[in-house]
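Paired with subunit B in one complex and with subunit C in the other, subunit A is shared by the two complexes that follow.
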Partner chain A sequence: MTSRSYQEVEFGEDLPEVEVDVSLSNVTRFCHATGMLAGRFMNHEEAREEGLPQAIVPGIMSQGLLVSLVHRWAPGCGIRKIDTVFRAPVLVDSAPRCCGVVTDKDDDSRTVELDLTIVNEQGETRVLGTATVVL
Partner chain B sequence: MILDLHNHSIKSDDGRAKVENYCQWIRKRGLPIDGFVLTEHRQFDAESDYRGLEDRTGLLILKGSEVETDYGHVLVFGVNSDMLAAFDFGRVDLSLERVLREVSRCGGVAVPCHPGRPRVGMCAHVEQRGAVEGVEIVETLNGGSRGRENQVAASLAERMGYRGVGGSDAHIVSHIGRCATRFEREIASIEDLVGALRAGGYEAVQWE
Partner chain C sequence: MGITAEELKSRYGGMVFDSVQVEATLESMLEFARACGETDPRYTDAGHPDLQAPVNFAAKYHGARMLPDDFPEFDRRMMIDAGKAVEWIAPIRPGDELTANSHLHDIYEKTGRSGSMLFLVHRMEFSNARGELTSRVDWRLIIRGGLA
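The block that comes next holds the complex of A and B.
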């Protein structure tokens, strides 16, 4: 069951934005939980040695944060597909926001299409993607 | 007349937007644009026919391409069979000089896009290897730009005397209409657009 019905969702509806925690401690916890132990995710200095401006958030963590955005909006919904394009790194210890909006509805399958983005403090899109959600 | 000159649909490998949804989005959000151009990566979509969608939505939908050269990516307007035969749109190592020459010869207009972007933009290449003759217009406002990329592009245009256009570089529905080009004259076809780009009388515009 989902708390949102297909009928009540409108094209163009914004999902409530979420400011996500990508602090070094939180990202490090994620890395240990997933076994992604590369220094560029958990250590600013090691990231700089690889030519990055500072440590970066793992791509699958960014995707997970977007999944979380969808589930906050529609608890219990089924995410049939999520597809992300990584335009630029999401920096650890920054203050990015996860955003989403409804961009299509399919009455036959009762699915909605979402645009999903992660934007930084300057409003620049770092990650963009789409999801197909069953309500 | 305001047209968004740079957008990608699901025809592009990294595009995620259906053209119908672009139109729906523009109307739903009341965006102040009269139409847009689909500039698919490394190809020209000759098959798709959007006349019915134009009639239903009142939006002008034109088609161009975005090709890849040794000086970065370039928008091409006025694609025709002669142009498609003149060079391989699918290559990633085209010569900018050749693209400019052939597009012009075939009656089109070539516009280096996001020139301020590292690697895929023209500015860094100009700094390293010098300017290429034949550039008259560059994209000074790109909706996907980060940091100072648009400022770098505008500075180059001012220094070199290039005219500037704007485009969203949308790959998802909600990114269309972030940047566009305001024309003094009315445009109803790709021929009109090519003529307007050559003639001047336009400016790049942006909305937050």
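The block that comes next holds the complex of A and C.
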């Protein structure tokens, strides 16, 4: 069961924005959970040696942050597909926000389509994607 | 480019070139979900009756090979990660032993202002011990300039 019904969702509806935790300690936690132990994710100095401004958030974690955004908006929903493009790095120890909007509804399958983004403090899009969600 | 996308697709498209076995551990599932700020107890509560891995959990796995062994050589520095798509088909449960088979799902080229680009769609399909398909992970790769 989901706490949002298909009928109450409106085309164009914005998902409540979420400021996400991409602190070095939390990203390191994710890296250990996934075995993604590259220095560019967990160490600012090693990231700079690779030419990055500082450590960066793994793309899969960015995707997971967007999955969580959807579940906060519609607890219990079923995400059937999520597709993300990593346009620019999300920096560790920054303060990005996850955003989303309903872009389509399909009455037959009772699915909604979402556009999802992660933006930095300057409002620049770093990650964008889409999701198909069953309500 | 010495070999066209059509020829590559004809030679490699759909051919499984890699297969690995992985285990979805309870701890890695919970830590993945919690680090991503997940609030749905299906993913964060070890005692939940419908406990399962995060929707994009399978995307963390890599095969032993990125491309078929005899795929034409190219400058790996010209390769760009163009994104990842995860299709959820069935839940991955704690302790599931998964088999991940990799193939090239699509190969095509585009030409833009910056020249030719070859697109590869690397697909991993995950099945559990009962043979049920659980997830598809598509990894889109661009080779700038195509194959030399």
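Operating definition for what follows: the second predicted complex is superposed on the first by the 135 of 135 C-alpha atoms of A that agree within 3 Å, B and C clash if a C-alpha of one lies under 4 Å from a C-alpha of the other, contacts with A are read in each partner's own complex, and residues count from 1 in each chain.
FYI, a contact is a pair of C-beta atoms (placed from the backbone, for glycine too) under 8 Å apart; a residue touches a chain by one contact, two chains touch by 3 or more.
Everything numeric here is computed off the predicted structure, so don't read it as measured data.
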First, second, both or neither for A:D115, with subunit B first and subunit C second: first
Subunit A: partner with more touched residues, subunit B or subunit C: C
First (subunit B), second (subunit C), both or neither touched by A:D83: both
Touched partner set for A:V67, first subunit B, second subunit C, both or neither: second
Contacts of A:E49 with subunit B and subunit C, given as first, second, both or neither: neither
Subunit B versus subunit C as contact partner of A:D106, first or second or both or neither: neither
Subunit B versus subunit C as contact partner of A:E17, first or second or both or neither: neither
Touched partner set for A:E124, first subunit B, second subunit C, both or neither: first
Which of subunit B and subunit C A:N26 touches, first, second, both or neither: second
Shared contact residues on subunit A - subunit B and subunit C: 83, 85, 129
Complex interface listing, subunit B residues touching subunit A: 14, 16-18, 21, 24-25, 28-29, 144, 146-147, 171-175
Partner subunit B, residues of subunit A touching it in the complex: 11-12, 83, 85, 87-88, 101, 103-104, 113, 115, 117, 122, 124-125, 128-130
Subunit A to subunit C touching residues, read off their complex: 18, 20-21, 26-27, 29-30, 32-36, 59-61, 63-65, 67-68, 71-72, 75-76, 78-86, 129
Footprint of subunit A on subunit C - complex, ascending: 27-28, 31-40, 42-43, 54-56, 59-60, 81-88, 138
